[in-house]
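Have a look at these structures, which come just after this line.
Below, chain A partners chain B and then partners chain C, in two separate complexes.
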Partner chain A sequence: MIVADLVQYVVTGLLLGGVYALMSIGLALIFGVMRVVNFAQGDFMMLGMYLTYWLAIGYGVDPLLGALLTIPPFFVLGLLVHRVLLVHVTGHGDPQREMDAQLILTLGLSLVITNAVTMILSPEPRGIKTAYATQAFAVGPILVNQARSYAFALALLLAVLVYVFLTRTDLGKALRAAADDPEAAGYQAIDVRTMHAVAFGIGIALVAAAGGLLATYHPIEPTVGVNFIVLMFVAVVLGGLGSIPGAFIGGIVIGLVQSLTLLVLPFQLQNVGVFVAFLLVLYLRPQGLFGQRLRTV
Partner chain B sequence: MSAMLKIAGLGVSYGGLHALADVSLDVADGEFVTIVGPNGAGKTTLLKAISGAVRVESGHIEFRGRDVGALSPARRAALGIAHVPEGRRVFPSLTVLDNLELGSYRAAARPRRAESLEAVLALFPVLRSRAKQLAGSLSGGEQQMLALGRGLMAQPDLLLLDEPSQGLGPRIVEQIFETIAEIRRRRRLTILLVEQRVVEALELADRGYVLETGRVVLAGGRGALLADPRVQGAYLGA
Partner chain C sequence: MSRQKRGWIAIAIVVAAGLVLSFAVQERYHHRILTLVFAWATMGLAWNIISGYAGQISFGHQAFFGIGAYTTLLLIIKAGLTPWIGMLVGAAVAVGAAVLIGLPTFRLAGIYFALATLAYPLIFRIVMEFLGYQEVAIPMERERAALFMQFTEPRAYDLLALALLAATLALSHAIETSRLGYWLHALKENEAAAEAMGVDSFRMKMVAYMLSAAPAALVGAVYAHAILFVVTPDAVFGVLVTVQTLTVSLVGGVGSMWGPVIGAALMIPISETLDATLGDRLPGIQGVVYGLALVAIILFAPEGLYWRVRNAIQARRTPALRSARPIPSAPVETIGAAPPPTGAVLMEVRDVSKAFIGLQALSGVTFDVREGEILGIIGPNGAGKTTLFNVLNGFLVPERGQVRFRGETTTGLRPSGVCRRGVGRTFQVVRTFPHMTVLDNVMVGAFVRDRAEVPARARALAALELVGLSDRADAVPAGLTTLELRLMELARCMATAPRLVLLDEPLAGLSGDGIEVMTSMIRRLRAGGTTVVIIEHTMQALVRLADRLVVLDQGRPIAEGAPGNVTRNPAVIEAYLGKKWLRAATAPGT
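Up next is the complex of A and B:
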C-alpha cells in the first residue's frame, strides 16, 4: 500500500514535471542566448492559457491542439517584443547597466500584462472542461490522470523537437554558438541580434504552449504566471543556468519534489520541498546539475 | 594588384584613451601582410575594427572597394572577411564538427561546405579524430587548429589571424606557422596576420607594418623590415 502510494506520487510528479520542463526550457533558451532573465515569462504562459481557452470555448478547439496552435502566434509575438523592447537593452555594451534595465523592463512588462488581462478579462478564474480531465488510466492500483498524461506526452514531444532543432540544424547550432560566444559568432556571419530575436520568439512560444497544456487541468486566471515563474527559475538554476537539458531535468525534478512533498506536508506547503531541494543542490553543486564551470584555456 | 583591404586614418579609443590613432594600411589581393609590435600596441584592436567588433571613431575601412565601416560584424563576415580571434574563441559547448560547420554559415560558403570540410580535415588530421568531441575539451594547440579550420571553412577572401601562437608550446607554434605557410602556398589566400613573434611573422609575410602605441611607426617589405636597425634593436635582440 505504501509502495503503491509512493509510485502514485512519483507518476503524478513526473507528469507535472514534463510541463514544467517545457516552460523552463523556454526560459533557459532566452537566458542562454540573450543573458536576459525574463520575469515576464510566467505572463506569456498565462496568455498562452487564455488563447487556448478562447480557442476551446469560442471555436471548440481541443485544448491539446489549442496548445500547439499557440506556438506560431507567440513566436511572432516574441519577435515583436524583442524588436520593440528588448533590443534597446541588449548588446550595447556595459553589461551591468544593461542588466538593471533588463530587469526593470521584463518586470514592468510582467506587471503590465497581468493588470491588462485583469482589466480586460476580469480576475475571475476560468477552466476548460474536457472529458479526459476527469478520467484516469488505471494501471493496477495506480491512477494516471488522462489530461496530465496527454499534456506530458506533448510537452515531451516539443522538448525533443527543440533538442533536435538545437543540435541538428544550422540555425539551432548558430543559436548555441551565439550563446557560447557572441563575438566569435559574429565572426562566423551569425547575426547576434537575429539570434536574440529567434531565441526570444522560441522561448515565448514554448512557454505559451506549456501554458496551453497546463490549461487542460489547471484553472486560468490573470495572476497564474507568478506561481509558475518561480518554479521555472528554480528549474533553470537547478539545471545550470542556460543549459537546455539542465532546464529539462530541473523541471522534471521540481514536479517530482512537489508531488513527493505531499507525502509529508499539506498541499499548501508543496513548494517548501522544492525550495529545500533547491538550496540543497546550490549548496552541494553551485553550478547546478548540468552547469559547466567557466573554462579558460 | 587590386586592393582587398584599404584602411585610412583609422582611430579607435576606449574610455578616452587612444587605442589606435591615424592608422592607414592596405592589403592587396593575394598578399600576405603582417602587423607586428609589442603587447598593447593596438594590434588586436585593429583586427577587431576591421571585422566590426569595436566601434571606430574616425577613418575609413574599405573591403573590396566597398565602405564596410557601418556594417555589423556578421555582415562583414558574410562579405568574406574571416576573423580567427585572439585566444581562439572556439564554441566550447559545441562539437568540433559543429564548430567547423558554423565556419561555413555564411551563404556564399554553405554550398561548398562538404568540400571545405574535407580540405580542412586533410590539413588538420587531428580534428578528424576529435570530430565528435566538445571543442572545450581540446588542448590549446588543437583549439588553435580548430579556430584556423573554422576560419578556412568560410572560404574567405581575407583571413585575419590574431596571435595564432599565443600561449602555445614551441613545437605547436612551429606547426601552426608551417600550416599557415602551407595554406598560403596552396590557396594564394589574402592574409593579415597579427603577431608578437616578429621574426616568424616577418619571414612568412610579403610585407609588414610595425605598430607601437596605436600608431604605424614603420612599414615595408619583409627584407627591409628584417634588416631595419630599429626592428633589429627592438625585437630581434641584435
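Up next is the complex of A and C:
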C-alpha cells in the first residue's frame, strides 16, 4: 500500500513537472541566448492563461488547443517587448551592471503586467471547466488525472519540438551559436540582436503555452505568475543556468520534489521543500546539476 | 570644509526639514504619508548598505523587515515586553539571521546571490503562515499606551520614523567616510583587485549585511505599529515590501545615502495619492506606478536622480578636458651597477604545482626571492607566469608545494591576508576601481596600514608623490594614459607598504619613454628597500633591469641565474626560439 502511495506521488509529481519543465525551458532559452534573467516570465505565463481562458469562454476553444494557439501572438509580443525594452539593456557594457539593470527592468515590467491585469480584469480567480479536469485514468490502484496527463503530453511534445528546432534547423543552430559566443557568431554573419529577439519571442511563447496547459487544472488570477516564477528560477538554476535540457529536467525535479514533500511535510509547507532544494543546489553546485563550472580567475 | 563635515550638516538640514514638515502638517492622512516617506527612506538606506555600497543586489531584504515586525509583536503578545525593547531584540535577531544567511550565500556571486536572496523571505512567509501567524493584531494597551508605542497623536509616528531615518543616515554617512565604505566601494568595482589590496571581501560583505539588517528590522517594527496594526506574512515578507524598497532606492540613486531619501520623497507621495484617489476603482494602481517607475529609471536614468543631477553639476563646473601633459619626470637616480643581492631569503617557493582541467600550468616550481633584489620571471606565452603570481599572492591554491614569506607559510591564505603580510601586486591588465578617483583608488591600499581616513589619505598622497602622479589625484581612471594607469596601480600597491611587490608585465603597452620611466621607478623602489619580482615575456627589458632571472617553460623552471648566463643557456634559447635556432646558435662558425 505504501508502495502504491509512493508511486501515486511520483506520478503526480511527474505530471506537474512536465508543465514546469515547459515553462522553465522558455526562461532557460532567454537566459542562454541573452544572459537575461526575465522576472516577468511568470506574468507572460499568466497572460497565456487568460488568453486560453478567453478563447475557451468566448469561442468554446478547448484549452488544450487554446494553449497551442497562444504561441503565435505571444511570439510577436516577445519580439515587441524585446524591441521596445530589452534591447536597451543588452550588449552595451559592463555585464554585471547590465544584469542588474535587466533584473530591475523585468521586475518593473512584471509589476506593471500583474497590476494592470488586476486593474482591468479584477483580482477574482477564474477557472476553465472541462470534462477531463475532474476525470482520472485508473491504472491499477494509481489514479492519473486526465487534464494533467494531456497537459503533460503536450508539454513533452513542445519540449521535443524545441529541442529538434535548436539542434536540426539553421535558425536553431544560429541561436545556439549566438548563445555560445556572441562575438564569434557576429563574425559568421549571424545578427546577434535578431537572435536575441527570436529567443525572447520563443521563450515568451513557450511560457504562455505552458500557462495555457496549466489553465486546464489551475485557477487563473493576476498574481498567479509570482508563485511560478520562483519555481521556474529554481528549475533553471537546478539544471544549470541557460541549459535547455537542464531546465527540462529541473522542471521535472521540481514537480517531484513538490509532490514528494507531501510525504514528510504538511501541505502548507509544500514549497519549503522546493526552496530548500533550491538553496542546497546553489550552495553545493552553483553551476547546476548539469552546467559546467565557469572559471573566474 | 571636509566631506565629513559637509555630510553631517546636510543630514542635520534634512532632519530639520523633516521636523518642520511634521509640525506644519495637520491632517492625519498627511501625517501618514510623512511617516511612510521616512520609513521607506530608511528601508531604502538599509538596503543600500548591502546592495548599493557593497554592490550585492538583494531581492530579499524584506526578510529582515519581517523579522523585526514579527519578533517585536510576538514579544509583546507572549512576554508582555514593550516594543521599545522588543524592536532592539528584533534587530539583534535580524543581525543573527544576516550572519546565518550570509555565511553560505556570500559564496555565490552576482546573479546567483540575487536569486538566492529571493528564497529566504518566501520561506519565512510560508513558515509564519504554517505556524498560525496569518494575522497578528497588536493588542490594545490603553493604560500604558506610550510604553507600547501606541499613540493617538499621528505626529508621534512621524517623529519616530524620522528618528530612525536620522540614525540610518548617520550610519550611512559613517560608512561612506570610513575604511569600510572605501573597501565596499572597491570590492563592488573589482573584487579581485580589492582582495589583492588587502580587502577581505567576504568579511566586508558580512559586516555590510549585518549593518543593513538592523535598520531594516527596526523599520519593520515601527511600520507595524504606525501603519499596519495587524501584521500578516504578506504585508511584511511580501513582494511589495521589496518592490517599494527597490523603487525608492533606484529612482533616487544607488550607492549614496541621498538616493533613497530623494526616491522616497518623490515616489511615496505619488503612489499614496494615487492609491487614495483611484485605489478603490483601480486596485493595483500602486503596483503599476512602481513598475513604471522602475522601467523608466532603467531606460532613462539608470544611475538614479541623485547621480544624474550631481554628474550634470560637476560636468558644468569642470567643462574643459585637460590638455596633454608631459610624462611624469623620471626620478633622478644613479644608474650604476645594481647592488648585488646579498639579503636574506624573503620568499621561498617550493615545488609548487597547479593544474587546470587538461592543463598542467605549473609543475615543481622552486626558487627563492632574496631581500632587496629585482628578480625577473620570464618565459614564452603560456609558460605559467601569471598562474605563478596568482599562487604567490593567494588567488590560487596549488595542489602541491608551498610558498613561505618571511618564514611563514602563505599558501591557503586569502589574497587579502597575503597582502597584509607584506606582498603587493599589480596586474597584467591594469585593474582599477573605475568609479573612484586616483586618490581613492590608492587609499584603498593605504587603509591596510591606516584605519582612519586622514592618515590613509596622507599615505596615499605620499605614494602618488613617489610615482610622480600627485597632479592626477582627483582624476578618474578613465582619463589616464596607459603609463599613468600603471603608475597608479603601482602607487596603490606601494600604499599597502609591501616588503615584496609582484609586478605582472609592468612594461606592457608602454612607449619607449614610458618604459624608461617605469624601469627607473622600479629601480627606485628597490633602492627604497622594496624587493621586486617582475614578470615579462620580452627578455630585452628584463636583462637590463633584473639582478637574477628565473625562466619558466610550460610550467617548469628551466633555468635560473644572472641575466647574462641565462640568455646563453641552450634550454632557454630552445624554449624561446625552437630547436632550429638552438642548432644555429650553438653550431660552430655561425
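Just so it is clear, the second predicted complex is superposed on the first by the 292 of 297 C-alpha atoms of A that agree within 3 Å, B and C clash if a C-alpha of one lies under 4 Å from a C-alpha of the other, contacts with A are read in each partner's own complex, and residues count from 1 in each chain.
Operating definition for what follows: contacts are C-beta pairs under 8 Å (C-beta built on N, C-alpha and C of every residue); 3 or more make two chains touch, one makes a residue touch a chain.
Note that the coordinates shown come from a computational prediction; the quantities given were computed from them, not determined experimentally.
Of the two partner chains, chain B is the only one touched by A:A174; chain C is not. Of the two partner chains placed around the shared chain by superposition, chain C is the only one that A:P266 touches, whereas chain B remains out of contact. In the superposition on chain A, A:V192 makes contact with chain B only, not with chain C. Using the contact criterion defined above for the overlaid structures, shared-chain residue A:Q96 touches chain C, although it does not reach chain B.
In the superposition on chain A, A:A184 contacts chain B only, with no contact to chain C. Of the two partners chain B and chain C, it is C that touches the larger number of chain A residues.
Once chain A of one complex is fitted onto chain A of the other, the partner contacts of A:V237 are limited to chain C, with no touch recorded for chain B. Counting contacts by the rule stated earlier, residues 295, 297 of chain A appear in both its interface with chain B and its interface with chain C.
The touching residues of chain A, counted against chain C in their complex, run 37, 85, 88-89, 96, 99-101, 103-105, 107-116, 118-119, 122-123, 222, 226, 230, 233, 237, 241, 266, 268-269, 271-272, 275-276, 278-279, 282-283, 286, 295-297.
Interface residues of chain C, counted against chain A in their complex, comprise 55, 57, 59, 104, 107-112, 114-116, 118-119, 122-123, 126-127, 129-130, 192, 239, 243, 246, 250, 282-288, 290-295, 297-299, 302, 356, 390, 395-396.
Residues of chain B touching chain A in their complex: 51-53, 72-75, 77-78, 82-85, 88-94, 98, 101-103, 105-107, 110, 136, 139-140, 143, 150, 154. On chain A, the positions that touch chain B within their shared complex are 170, 173-174, 176-177, 179-181, 183-194, 292, 295, 297.
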